[in-house]
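Two complexes, one shared chain (chain A), two partners (chain B, chain C).
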Partner chain A sequence: MKSKLLAAIGLVAVTAAALTGCSPAAESAKKADCTNTIVNKDATQVSVWAWYPAFEDVVDLFNKNHDDVQICWTNAGQGNDEYTKFSTAIEAGSGAPDVIMLESEVLSSFSIRNALVDLTEFGADDVKADYTEGAWKDVSSGEAVYAIPVDGGPMGMLYRKDILDQYKIPVPTTWDEFAAAAQALKDAGAPGVLADFPTNGRAYNQALYAQAGSVPFAYDNAKPTEIGIDVNDAGSKKVLSYWDDLVKKNLVATDDAFTADYNTKLVDGSYAIYVAAAWGPGYLGGLSDADSDAVWQAAPVPQWDAANPVQINWGGSTFAVTSQSKNQEAAATVAKEVFGTEEAWKIGIEKAALFPLWKPILDSDYFRDLEYPFFGGQQINKDVFLAAASGYTGFTFSPFQNYAYDQLTEQQYAMVQGEKSSDQALDDLQASLEKYATDQGFVLQ
Partner chain B sequence: MTTPTAVAAPGSARTSAPRPQRRGAGLEVKRQRWGWLFVTPFIVVFLLFLVFPLFYAFGMSLFTSTLATGTQFTGAGNYVKAFTDPLFLEGLLRVAGFAVVMIPLQLIVALAAALVLDTLTSWLSKLSRLFIFAPYAIPVVIGALMWSFLYSPRFGPASSVFGLFGLDTPNFLASDTIFGALVNIVTWQWAGYYMVVIYAALRSIDPSIYEAARIDGANGWQTATRIKVPMISSSMVMVITFALIGTLQFFTEPVVLRNIAQGAIDAAYTPNMYAFSLAFSYSQFNYASAIAFSLGILVFGGSFIFLFLTRKQSGLK
Partner chain C sequence: MTVFSQRDVDLSDHHTTGIPVHEVRGPQRPGRRTGRRRIGSHVFLVILGIYFIIPIWWLFVAATKSNSGLFTSPAFWFDGDFALFQNIAGLFTHEGGIYWTWLGNSFLYAFSGGIGATILSILAGYGFAKYRFRGRGAVFTIILGSVMVPLTALVIPTFMLLSQYGLINTAWAVILPSLLSPFGVYLMRVYTQDAVPDEMLEAARIDGAGEIRTFFTVALPLLKPAIVTVLLLSVVGTWNNFFLPLAVLTDPGLLPVTVGLNRWTALSNAGAGGEQVWNLITSGSFISVLPLILSFLFLQRYWQGGLSLGSIK
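Take a look at the complex of A and B:
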């Protein structure tokens, strides 16, 4: 009787343990949970989260060439999906990988939560010379370096040559010409519009403001409680009122970006121009329902002042080492070296359409002269993106970038809906960000 | 002989009376012990996955963690902030609006369908019952995804339908139409489920009452409104309670539609979405707990008041 009772209690305890996942078997199984195969089983394993296309080939290459350290790769979701998991792991105190792919815009958001390791003590400065100044500025905050740059998003303008030719519209080089082209396309009775102004463009919208001189945030990790916010400057107001005007005249669409509708419209001729980052061609190449007779060309992004061109950047990603990592030295090695060979970059460029920030390949003849079949053999790097990349001087994001973007979307949407003027939208954005920063304990500069 | 026995009988009865009681109490204790043992798995899971997280979340909500200054104990500070937070209050107002429109609509559709199906007896009624119930069997996320394609100006059928009549296709995802778009999805999904609940209640009514009503000269409409509806009022109260709780916690459908209508559905569209964004997009886990708790209290309070007001109809009194 007693023993039966004990046995029953034991059974209950085992069931409960299994339900909570506390059993020792579950713990040991976690380590072997890689998407790729480990070549050298005795070497230190570094877990990596990343979502690059064709990344498995890069990982295999790294593992083949390294005896002492091996990558255990997992795709934990793209962009926000991954950040949500990472954020939860930070809050929980465990569960983060050793190395994580992060877009440069979220680095401050995670470094302020002490989730990232300062890589200067692990030899980050040794590879500093391999990157452009702008790229390096994106990953550093003051003296600290929180990630190793991987790919960038220098911006250009992708256009449908067949559509512009059909309506005899010259390729715009300035924003004035861009507006004129939009008007001309409409007057000619074209079924589509010149371009889209997505209110949820986030980094895209911010890049457009930056081109007119907007410096929205001033933030340095050395003084983590101080922040400067200036999103309603004259430059931003000029840009937004420009787009507001085009929207009011129905010269551009206001479709949300990154939806199925938008993806189709990008390639079916609904928009004649796609102001894009260097990864844009890769994005277009993966979309379905494209016009079979489309002729794509790339040109530099339109300028406000043709005499003083300003280059801008949209997106770009990095590898950071998390502070939860048990072996930060090995993790730093992975972050520095995974995209540190020409072989790896050829996979990245040709299979994943990434734009390298690693100078040995960025400055190579191979990359400069690469012909892209999508653009009818145009050498888009030579024509457009290399100049755009070298002219980029870096950008400072806020430590609450996700909130800032959500607010930007809300205000731009209100403007497009006709609820407020462009100036009002940016003033309201400034006020809401200032309030948020104060609530979060920051001192406004 | 008879007297002593007669005297002894009550005596022995009196003295022996506690004995079976004691044996009964022992049995009772033993039974209870086994009973407790059998419910232990449930209690463990219940404590571990409901009570403990609730206390943990409540504990979290008493602290404030900011990006710049770290974590400190602020007691009810987060709750004061929540109930003065315009985003939270707007979200509450919005779900209240949904409740006012959506619950009566679902109830009317469900009740009408149930009453009609109750009077039909052909194979057609069984088939219709299945069809009306079918949307409930579709997972909420899949249903919302499906509707997001139907609403899509490009892929949806609306443009061809409206094109037939030479009309412009309305944009179902604009800021002034998204409310109706969401009401439509929820009603489509849940009306069938409520219909089944009401239908089951209708089936349990004794048919002789209808017969009596017919003899008294009641027509179909009178039978439905004077007899059937009052007799199933307790099921209706239950349906409304379910709908009320579900609507106040509105989350899945707007989250799915937000993927294609980020302007019209903002991150704080409903209180639940706000809590989710705070926790997972803005990493404010403490404030998110306070928002979630505040919502929980309001949902509990709302359901309680509703059940109190309808205690006569539901038979709880």
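Take a look at the complex of A and C:
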């Protein structure tokens, strides 16, 4: 009995040693290779973090077509997961990849920490002509260019044609018509509401303000300690009081976005309209068989002034080169060229439902005439998103964008809870951002 | 995961309240009073049981639904279309079946970390309990104090340390920190003090056994219940650890199942370029909790042992 137990303990110890012993060996082998296969083993390897699952095919395509440089791809998580890792790597001084996928809204937050390389030194201007003005502004700060645009989120309006038809509501083209439609839907006794106003919409909320002329931040990375903050301008106040009014009349919902509950309501008809970015259809498409009666259509985003339409953007990703990269030249080549072919973009569009910012594909007949089965064959790019993309003029994000979004969410939440007026919410937001910026050592312009 | 630890508290309560009631059943008079008390406590237990089982029921039901079924059918009942097997098949094909790599990694980390932590706890606990040496009190106080520091709070310092030695993004980065279990050391010391009488060790020494032989042949068999308990606690602790692997691992092929599923969730929630695999996430979560549920069912008495070990002493 005793000896048996002894043997068992010994076995356990040996197993533990074997387990711990073998795993690091297996690991070091793994570290050398990548999620993808390297085609040309002798070429310079550039490590890339990107989260789109369909990126694998794009990487294979790039590696097949390049003799001098090869991509070694790792999916280090989406959005904030990846940013946290990148931040830790910046603090630790090592561990960052050569090229990293970042959303355009966080570029300033990383460039201010000297984590990104100014790509103008590596020929970024050569590809400038391939992108729209707005897209290029999103990746620039003053003279510097911190990333190459990949995809964007020009905004449109996705609506349930079956619901609007059932209650005989015309498709709104202005925000006034939108409010009237919300009222009409409620008066007709529909079970759902016209739309949702998520207080945690972050970039979505900010885009709605921008449509009414809000320019919340002025920032140039060349003068990293100076910032202009203007979040309580007349445009923002007009937009927020508009939504406050709809919320008070119970004409729109105030569910948080990006939750399972929200997903359910997007597909089950609780909202008749989803004011969305161009990637929204891809998002909905993942749940397309949820409601077989649903008839989705896309239309341009409602306007404040139909005579002078303003196009807005929600989200978008880029490739940036990190300052930890040992071979920045090769890294810049990857950033510039990985999504620089029609073939690569066909993968991005068809497999990942991305909206390209690369002009040659934007201007192609293929993209313009593409029919989307989710919308019953509607050519949504021609009808809606191409105009939205070309009309977008760009945006300047703050170097503490996450904090700004969190504060915005807090203030909007207080407003929908009835704790303060919409004007008060934005004034408080202005005060809190100014205080934060000053505390962080910025000089207010 | 806390569901399980709370649930075993609940079941052990059932035993501690249940057993004395059976014992005092003999005499008539108190019977009536205890009977009423029993109904009250049973109702309470049923409520607790429902409360703790609801999330597991939800998870099971959700694991049987297709992607869109998850969003259109009632939350606590089955969808018309029973998709559990399609989902499991999906786990084998999605991203080359990486889910099973994650599950394997979870086993590797949990068992190597758990077994290593147990061995260290036995050795340290036995040492503290049975040997007198300079600084024993001080060292033990430090260890006891570190029970209060959650592993999560140590992640950033751990990251910096591992980064200096180039261990970031390796299996070691998860296993090495998991080897330390202050609570395990404490448990082993307390148990050793009572379960292994000094007289017995002295008898062994007088009979000519060396310290090592005394430890292996005399002390160790007596410690078996505590060993299994510490092993269970540390294996489950490592299995459920989320933040450490999240911070130190990047390579998808090294992730444990907790972090891997979280990554799928982030991708499914992401608008652009993501793909929605909610059905795989729910099925994957369900499969990943099965080992813990099974270990709980089969090793129940050791779980209870662990809880009372900490409480009486």
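Going forward, the second predicted complex is superposed on the first by the 410 of 445 C-alpha atoms of A that agree within 3 Å, B and C clash if a C-alpha of one lies under 4 Å from a C-alpha of the other, contacts with A are read in each partner's own complex, and residues count from 1 in each chain.
Following the convention adopted for this analysis, a residue touches a chain if its C-beta (ideal position, glycine included) is under 8 Å from a C-beta of that chain, and two chains touch if they have at least 3 such contacts.
For clarity, every value in this text was computed on a predicted model and none was experimentally measured.
In the superposition on chain A, A:112 contacts chain B only, with no contact to chain C.
Legend: residue contacts after superposition of the two complexes on their common chain; A:94 is shown touching chain C, with no touch to chain B.
Contacts of A:264 after superposition on the shared chain: both chain B and chain C are touched. Once the two complexes are overlaid on the shared chain, A:315 sits against chain C while remaining clear of chain B. In the superposition on chain A, contact of A:277 is made with chain C only, not with chain B. Once chain A of one complex is fitted onto chain A of the other, the partner contacts of A:76 are limited to chain C, with no touch recorded for chain B. Of the two partner chains placed by the overlay, neither chain B nor chain C lies in contact with A:159.
Of the two partner chains placed by superposition, A:62 touches none, neither chain B nor chain C. When the shared chain is aligned, chain B comes close enough to touch A:417, but chain C does not. Set side by side, chain B and chain C differ in how many residues of chain A they touch, and the one touching more is C.
The intersection of chain A residues touching chain B with those touching chain C, taken from the two complexes, comprises 5, 9, 12, 15-16, 19-20, 80, 84, 88, 260, 264. Contacts from chain A toward chain C in the complex involve residues 1-2, 5-6, 9, 12-13, 15-16, 19-20, 23-24, 26-28, 30-31, 35, 49, 51-55, 74-81, 84-85, 88, 92, 94-95, 151, 153, 258, 260, 263-264, 267-268, 277, 279-280, 282-283, 286-291, 315-317, 348, 352-355.
Listing the residues of chain B that touch chain A in their complex gives 37, 40-41, 44-45, 48, 66-69, 149, 152-155, 175, 259-264, 266-267, 277, 280-283, 285. Against chain A, in their complex, chain C makes its touches with residues 67-68, 71-72, 95, 108, 111-112, 115-116, 119, 156, 159-160, 163, 168-172, 175, 216-217, 220-221, 224, 246-247, 250-254, 262-263, 266-276, 278. The part of chain A that touches chain B in the complex is made up of residues 5, 8-9, 12, 15-16, 19-20, 80, 84, 87-88, 90-91, 109, 112-113, 199-200, 224-225, 256, 259-261, 264-265, 399-400, 402-403, 406, 409-410, 412-413, 416-417, 439-443.
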